[in-house]
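First the structure, which I've put down as structure tokens, then a few questions once you've had a look.
Each chain carries a letter (A, B and C) given by its place in the written order, and its residues are counted from 1.
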């Protein structure tokens, strides 16, 4: 790898670390607007990684995915989320099932677990290892943290953000091990994610109309 | 002989510089905060005048206080001064580099904090005990965070000796720009805010019961005792800023004792410290102090950032 | 020729959904839907015949693919959608007559129904694993609004849970697919082919077993969530209970099979690549877990639609268990059970729907004396319940018996005994509640009476075919099943 590829690899490492930090900040935050902004920032870093991979390693099909990320996840979805949280007169504070301190510690542990999941995959790479593979543990950690956010927070909007964080982690891991899937598959995945967000958004409107709030506490009537 | 003389000279220069520069940093922070709040604010040299005034004044000691109350200011001042001598500011390696490393630094901080907390309890007032307990609960999270952040850097450099760390980083500056270091810097920065009692952890200008931490412990101090304690906390701020600047941006450090190199180093350290001081002032002015039960959450973020920095070092394999 | 066939199977439901989205007159909505379903079903028969003749069909570029397994499942899914479409006609007419549904909701139902069918056919024909994923996620998105069709608190809660849990599951499955793609890239020269199932199966021996094992775990969890395999089944009772009857029926007879289809495709691939008992052990564990976990919920149930949902979970467990046994006889039993289960679920959900309309309640103890009030539906419901619990001479008895024999023959003694125990325990619960509902004095305040004659005939046909399948499997079907088993073994 020449010096150019080295710097690109460095920048990708830094960006991946920043993405992970935004995930942690989401876990530690109490404000809904902050959540949405952090998610937007996270997606921006992700698009930056994709752009670096596309331009730096010459994988042009990722360019489409990078642009889609910016359009859909950095711009469109936060706009949708903000519209929803404004229209639903929801208290902008998050309720927790697991408090911040413990959540952060658990997420720290998840990063370590993610590393052990990633090791067998990384060691199975024969031939030329991709310079971007080093972000695989971070991406798996993102998937787990996204899942954790969905479980440990009570508002419907946060579940959506947790799901989107998971999807971001998935996209990053796809980049890490295979430079992303074939273009048509990536486009299809993006379309699905966008549809899922819109559908969940519509649902939040309807839930708000019938329930008093969109806290997950109220969605407990169906038991066994 | 010449070596010993040079070492002693180096120690004296560092001590004098630290003692002299520390109040200036505090003054800069106060002035910047005032300006940001659209006030005139006290002059930058005000802390010097405050110290001078305090040294002249008499001392009042609570009747119920023991020897701890009288000894603490000296212990705190002495331990902080020793730390100053261990941290590379102008040149590396520091003359006393054989005397202690990172862990020594952390323990010296802990020593000072321990005695300060005891002194707070010693006064017998409820304010003192309140401040001490709050300080200790913050320390419980901050100390591991600080250690982890510094360990990250020391793992990169291969040693816990501060001078070795700074030396190895200054020879290979490119290695400083990696995710572990960035996260360790962020973690250490939050540790700085917590250890030196800045907003959003503690308000250094408040005397409200609800919000005091550091101020509560030193509420009963007066005269030269108070002067020593104030000076020590100013030096603590200087130490942290020096650590932040030299461990992460080790530019312009002198490796030889030539006057030119020393001048460059002086300008470099002064510049870096002033920039960081202004950053601290800006952060203080733009944030509100956290409610007390939220402080552990904020500190836990620092801990996690430091932990992440260490983990990322091993994962990303930089 | 394959292009024509694939196009019809995909485009007809899609076109119907677009039409239904724009059309407002109910008569036209109904006609469009059942005609589209009939054409799709007819095309599936054509597909099955073509597959029997040519063994495999592919589209150029290998994105779409059909073999005996696809053909069999396409028959089941399109048949189920045809039955459900015909049932919906009577069902929604009745609801409209009693003013329990708005015309907007009716239109939404028919449009989304066709979207649902389209997404299911898309999954069945996909060769590209990425398409498989996209289609499965699309089925979740397509059915969400169907589940929440009635704008009630509980429907929204059920639909929310459904979307969230299934999307999380499917996201994990995506990771598994990425890992599969990753291991394939080292072996398959062109990256365009590396996601095609047919290509992967042919090079399965060269794929890295460790990676595929990890991938399979994620895929099992992901598609297992969609199928309703325990412990990821928690969305199922809520979603099936709150959705309108035709939707629950098609989910139980169609969607479940889609998820199982995906699991089967990966089972074949990973079993070929990894060998040994890794895949089988996992399947047996999850299968038995699904069967066992259902027992307390079935024995103490208040809502008969949830009861049926738990039955669906049980049968998914049975099929997965059979796939885990992994002998040709077990595969045959699994596929036969899939067919029988679809028919039985349709029968039981749709007749329960009639009972629901008559009594206006889903609670078991509020329904009594159905035999007097709605004699035909009640009889059919009881027949269906017996069939669903594996009572001879219905088809499910044969398939379960086959599975158990295969289990004992392959040496899985404890597991097969557990299987028998679970099935027996569940039998008691289902029949007890079914009996309470059908027999006894009549409790409804007022009733809107029995369903119309077409619906009755439809359901009777289902019941009769279950009876027939218990005695004799028609030759073409048997041939198709054999060929499908061969797909497992290739």
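Points to keep in mind about this one:
The criterion applied here is as follows: a residue touches a chain if its C-beta (ideal position, glycine included) is under 8 Å from a C-beta of that chain, and two chains touch if they have at least 3 such contacts.
As the structure is a prediction and not an experimental result, all values here were calculated from the model.
In terms of the stated touch criterion, chain A and chain B have no partners in common.
Ranked by number of C-beta pairs in contact, the top chain pair is A-C. Set against the C-alpha centre of chain C, every other chain centre is closer than that of B.
The central chain of the assembly on a C-alpha centroid basis is A. Averaged Cα coordinates give chain A a centre that lies 37 Å from the centre of chain B. Annotation: 66 Å between the Cα-based centres of chain B and chain C.
Taking the mean of the C-alpha atoms as each chain's centre, chain A and chain C sit 31 Å apart.
Chain contact summary for the complex, chain A toward chain C: residues 117, 120-121, 124, 126-127, 143, 147, 150, 156, 159, 163, 166-167, 170, 173-174, 177-178, 181-182, 184-185, 188-189, 191-192, 195-196, 199-200, 203, 206-207, 210-211, 219, 221-222, 224. By the touch criterion stated above, chain C contacts chain A in their complex at residues 128, 130-131, 133-134, 137-138, 141, 144-145, 148, 151-154, 156-161, 163-164, 167-168, 171-172, 174-175, 178-179, 181-183, 185-186, 191-192, 195, 208, 210-211, 214, 237-238, 241, 297, 300-301.
Considering their complex, residues 177-180, 182-183, 186, 296-297, 300-301, 303-305, 307-308, 311-312, 314-318 of chain B touch chain A. Per the touch definition, chain A reaches chain B in the complex via residues 10, 13-14, 16-18, 20-21, 24-25, 28, 99-101, 104-105, 107-108, 111-112, 115, 134-135, 137-138.
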